[in-house]
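What follows is chain A paired twice: with chain B in the first complex and chain C in the second.
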Partner chain A sequence: MSIIKKGLKAKVTPIIVVTILAMILFQVRNNSYLSLNNLKNLMHAMSFAGTISIGIAMLMIGGEIDLAAGAEAAFSGVIITLLIERGVWWPLAIPITILFGMLCGVITAIFVNKLNFMSFIATIGIMSVYNGIIRVITQSKNLPISYQGYYKVGSTLIFNAIPLPFVIMVVLMVIYGIILARTNFGRNIYMIGGNRQAARLCGINQKKLSTILFINNGAIAAVAGLVLASRMHSGSPTAGDTGALDAITASVLGGVSFMGGAGAMANCFFGILLLTVFNTGLTTSGLPPYWQIVAQGMLLLLALFVDFINERSRIKNLERRNAA
Partner chain B sequence: MEQQKSKFRIGNLFKSKMLTLILLLAVVVGVFTIMSKGQLLNPKNIRNILQSITLVSLLTIGAGMLMIGGYVDLSLGGIGTMAALITAYALRAGAPWYLALIIGLVAGAVTGAFNAVLINELRFQPFIATLATASITQGLGYIVNHGQQIDIDNPVFNFIGTQRIADFIPYSIIISLVLLAVYGVMLKNTKFGRSMYLVGGNPQASLLSGLHPKRVSYILFINAGVLSSLAGILLAARLKTANTTGIVNQQFSGMTAAILGGISFGGGSGGMGGALIGILILNCFNNGMTIVRVTPYWQTVASGALLLIALAIDFLRISRTKKVS
Partner chain C sequence: MKKIIALLLVLCLSLALFACGSKDKNTPTPPAPDTPTASTDTGTPPELPTDSTAGYASDDVDWFARDKYHFVYAFTAPSPLVDTMMNAWKVLGNVYNFDVAESTGNGDAEAYVQNLEVMANQGNVDGFFMDCDPTIQNRVIELLDEFNLPFVCMFNPMYDSSGAAIAPTLALDQYQSGYDSLQWLIDNQKTYWPGDVDPATIGLLNLDWSTSPPLHDRCVGATDAFKKAFPGNTNIFDADGVTAGNINAEVGYNLTSQIVAAHTEIKYWFADACVEDFAQGAARYFETLTTQDNILLTDVGSVMLAIEWDSGYDGAWKACYAISDYAYAGPAALGLIALADGRATPATLWPERRAAGDKATIWIAESSIVTKDTYKEYLTGIDKKYGAQ
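On to the complex of A and B.
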């Protein structure tokens, strides 16, 4: 147990160190960076991709991926907007939207588990289908939500400082973290991600598990989308454009291995934190927004590189132990 | 005996990939010809289709070769866009056309090599590594000229980009068709080409039989980088300007055309003949949607659906061959 704990620590430590260094650097460049107001923005900014990253991380641990998650979130934001504008009571509209997200998950799962498509290429196709449909529905414009009662989901501040979307993200991360670390179901996910063949021989129904993960991912994306819609007071067709990539970057940064079978929810939090610190920091330092695109790619490579080093040292340790 | 042989051949023809593909092409052309009341096959429209084929086929060769070797590269759109901007920048700085072209292609080659290093030396998953390269190249494209487009005003580039033989066949399509033929012959008739299938189908076995899967993968990624740079540069030459969107939106067209043309995603199968028909199907489909006035939003939906259909065809093909064996 202590070995596992040490391993997790080692994986996430460099990310935390880089985050703190980056925060100091950005504070030096612009001394309002660590102001309460900007920290509030930071928390707001990380909650969308952070929430999506929960579903994505679960899928990645299980050896799958969903590149359409951002589009699903945007789609859900549009759906809840339509529902509320048609006069549906908003506490009822929320579960309907989540059900819709789950339906998206079912569709993906059919492609991946029934037709055996590779999940990443199938979800690229699904992504453009959803993106197209969203643009058809909205005519590529933001659909405003006129009912103000719904705004509070996205804009409520707890203790006057912590935005509700951030709290929702953290609560979900804790719940899923516990599921992953403490339940049979969670451990089975690691199993199918790490070694599908062995998992099958142990009697784990891989297809069933992966279907559950896709449906779960759809539901979480829907939550992210409906919270964002509330905060922006509208359903936006472009909301999800970077969502999935941000979430993947965050998960990999947090040490969720792309090969499946490794990672944890707590790390995911630090991954999304680092990514958001970078993005907001580059903006407040006055650099043009396109530097964010470069930074994101660099961070992803950095994350993969850390993963590579970890993996190599793990294998070396194993070899040394075997030799001894 | 003679008769049996010919029967066997006809049976083969019906089972062959090519026939399914040609039938699919005929269906697409037929449907859109009827829907557009003959406009699809109007000479003026064929002219447009020829133009779009140029670009997609370069991307298809690059992506298709990678897929045969068992790899994938999601940064091809980013590479092409960046290379076009670099070429335009060099031209504006006063470089002669051949030097600017070479600089652009080398930028593509270097990025391709970078991808290959990530994948071979650091063992990153091709898909995620190239996703990272995609955002880096796209960002670099913005940085080249602060997010602004660069106009190209060079007689040679304008000639290649916009002139046509007999005012009909664009000169640039010759480049694409020649390359398709060259790569097709290479895949079929050279040792290197055939070794690619083995590397894609079973890298372990290829290593044991004395091939160099690593070397092949370097070549494939550099090759794809160069070809997509060429695609990006040709588009910029046609538009007389290099912009930051470039060929980013076309990169999945290359993959879709390759899959449609029978290049399997699992690696180890397919060829350039099929890819050519895949390109024709894709371009007739896209062009057909435009001329029957499908809104661009629905075109996005349809191109995603087409990718899924291509995958489904691929799936059926694989499951059928499994049944046979």
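On to the complex of A and C.
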């Protein structure tokens, strides 16, 4: 009974309930919505933004943000395309690309932690730089991957039903979920995000932690980008244009606090699931496109409002506990 | 010290404003005519034969007998199309002796006009390739008239209040391109779908970008072709990329998968994409289906499909409406050179291609439906025609 009570009180429960209700509603409107084919599509549609949201959620919980994550993913997709087209064996090209992503994270960390720029502002600038460089390299065209062996990464179906990109996303979420919930490192991330002063007084090196999170985010964005390049058979300069925004929306929707210090990987998963269910359901239900955009915006506002209410109640609980 | 520096800065700013302002006071601004002037000097334009055919690659002109022309491409915001045109002009510039710089407002109309003015003020610009927002066209015409600089419009014609085109333009008939590309699939469906196909099980998927009227017109054309071929068939599904906020292959993939999975009653699909990125994503999705043979995909634009064909692709993406970069860049450059030379005016440039009622010619870019068997020959032919090969 206590497990059920705990489950009902969990932050993620309303999101799960809303997601299930949405799925039922869309199934009523279109009886193919919950077909195996469409569920596969849902998993595919979730995988890019969902993977990016892992790194972003870690950063947000730690009190930072990286708006350049989408651009880093697109850049990584272009890099792996260039590597494979120049004859690099694709199992070797993957770790090289991930290292490249980590390098992007190092660059961001230098601006934020060495030069003390606000991460929000710094990453807007970095995003523009990366987007520009990608377009210079690709001449604004999609670069094709001719080596068909690499297509397997994006198109393999596990048990003939579950897309490999989705499995990669889930595995990474589980790993990072365990890190957040069960390790000192994870606890330090929450402390830094919740109260930077207090964390510093406890001896936690905020800049070192933040640097690790940015490098980690770069690596995860690289994974998202190289998987997408495999799925699309090309590295695209526009692949990540809305990736970061979708990832942030999904994280906030799922309950990761924009203010830092709260959230979990489960929040991320259900956030991206709700966002994808919502967007795909609106398309299949035939809602006119401009009303879809209104609905998407309202969903984000609702998520922010819920985050605001949660944050206020968290602070009130803390004050009550301190008073007691 | 800070006060002295501040004072100096104010003085410099005042001087700069005075210097900029004085040019406007001394140079009277002529009223904006409906037809922009083309001559590069203030003298009387040379008399031209009434059936002038200037502005072609076959013009009897020694391109290198003059100094190199410096043109400017003024576009509203950076895009892949801009890069494509600039690359094409880089090649053609070596053939016809010109170079092209860029000017943009990055989506800001005011900045666009200001930058145009800055470029025109340099004194070494010989003409413009214009791609501007229709809402500021009058200001742009006024500005270029003031500097007596010729221009050719790219993609977006300029019209006067009566609806007549008033400036030479390179454009594509967007509606017709969409219509023709789908019509080709309809005409050739038997090749891919032998046997009897119940028309009630045929559907049309439009991958649209509705906030851009030219791109949207392509889907409108395709829809009309479908409706004409299958009267009474209501299996028409529009997937608008605007809801995803981005033009890329993943959006095309997701939109296509959502619509196709939601309509299992459709056994045979015609799919048309207003841009190549969406078509590429749709093609990727169709490859995952066991029913790919029952799907015929087309789009307007040939760069990506040509690359796919070069890599051995043989899937649902059967054909496309091919437009070589040089089919736009070539005539635009040749037309602007003719205007800058004084061999033509906007009123006399390309008269044989002018629609009735227009004051200047809208040159519809050469295009053709191409398949895996014909694309190389077609695209190479266009490149050779404009001297790019």
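Quick note on the criterion: the second predicted complex is superposed on the first by the 294 of 324 C-alpha atoms of A that agree within 3 Å, B and C clash if a C-alpha of one lies under 4 Å from a C-alpha of the other, contacts with A are read in each partner's own complex, and residues count from 1 in each chain.
Simple rule for what comes next: a residue touches a chain if its C-beta (ideal position, glycine included) is under 8 Å from a C-beta of that chain, and two chains touch if they have at least 3 such contacts.
Values in this document were obtained by computation on a predicted structure and should not be read as measured data.
On the superposed chain A, the positions of chain B and chain C overlap enough to count as a clash.
Shared-chain residue A:Leu201: touches no atom of chain B or chain C. Applying the stated contact rule after C-alpha superposition, one finds that A:Ala323 touches neither chain B nor chain C.
Of the two partner chains, chain B is the only one that A:Gly125 touches; chain C does not reach it. Stretch 117-125 is the one among 63-71, 81-89, 117-125 or 189-197 where chain C clashes with chain B after the superposition on chain A. Residues 135, 139-140, 290, 292-293, 296 of chain A lie at the contact with chain B in one complex and at the contact with chain C in the other.
Across the complex, chain C is touched by residues 30, 32-33, 35, 37-38, 41, 44-45, 48, 135, 139-142, 144, 146, 155, 228, 231-234, 236-239, 241-242, 279-280, 282-284, 289-290, 292-293, 296 of chain A. Chain B contributes residues 72, 118, 122-125, 127-129, 131-140, 142-143, 146-147, 252, 255, 265, 295, 297-305, 307-308, 311-312, 315 to its touches with chain A in the complex. Within the complex, the chain C residues that touch chain A are 78-80, 82-84, 87, 210, 238-240, 242-250, 253-255, 257-259, 261-264, 277, 280-281, 284, 287-288, 303-304, 307-308, 311. Taken together, the chain A residues at the contact with chain B in this complex read 111, 115-118, 120-122, 124-133, 135-136, 139-140, 245, 248, 252, 258-259, 288, 290-298, 300-301, 304-305, 308, 311.
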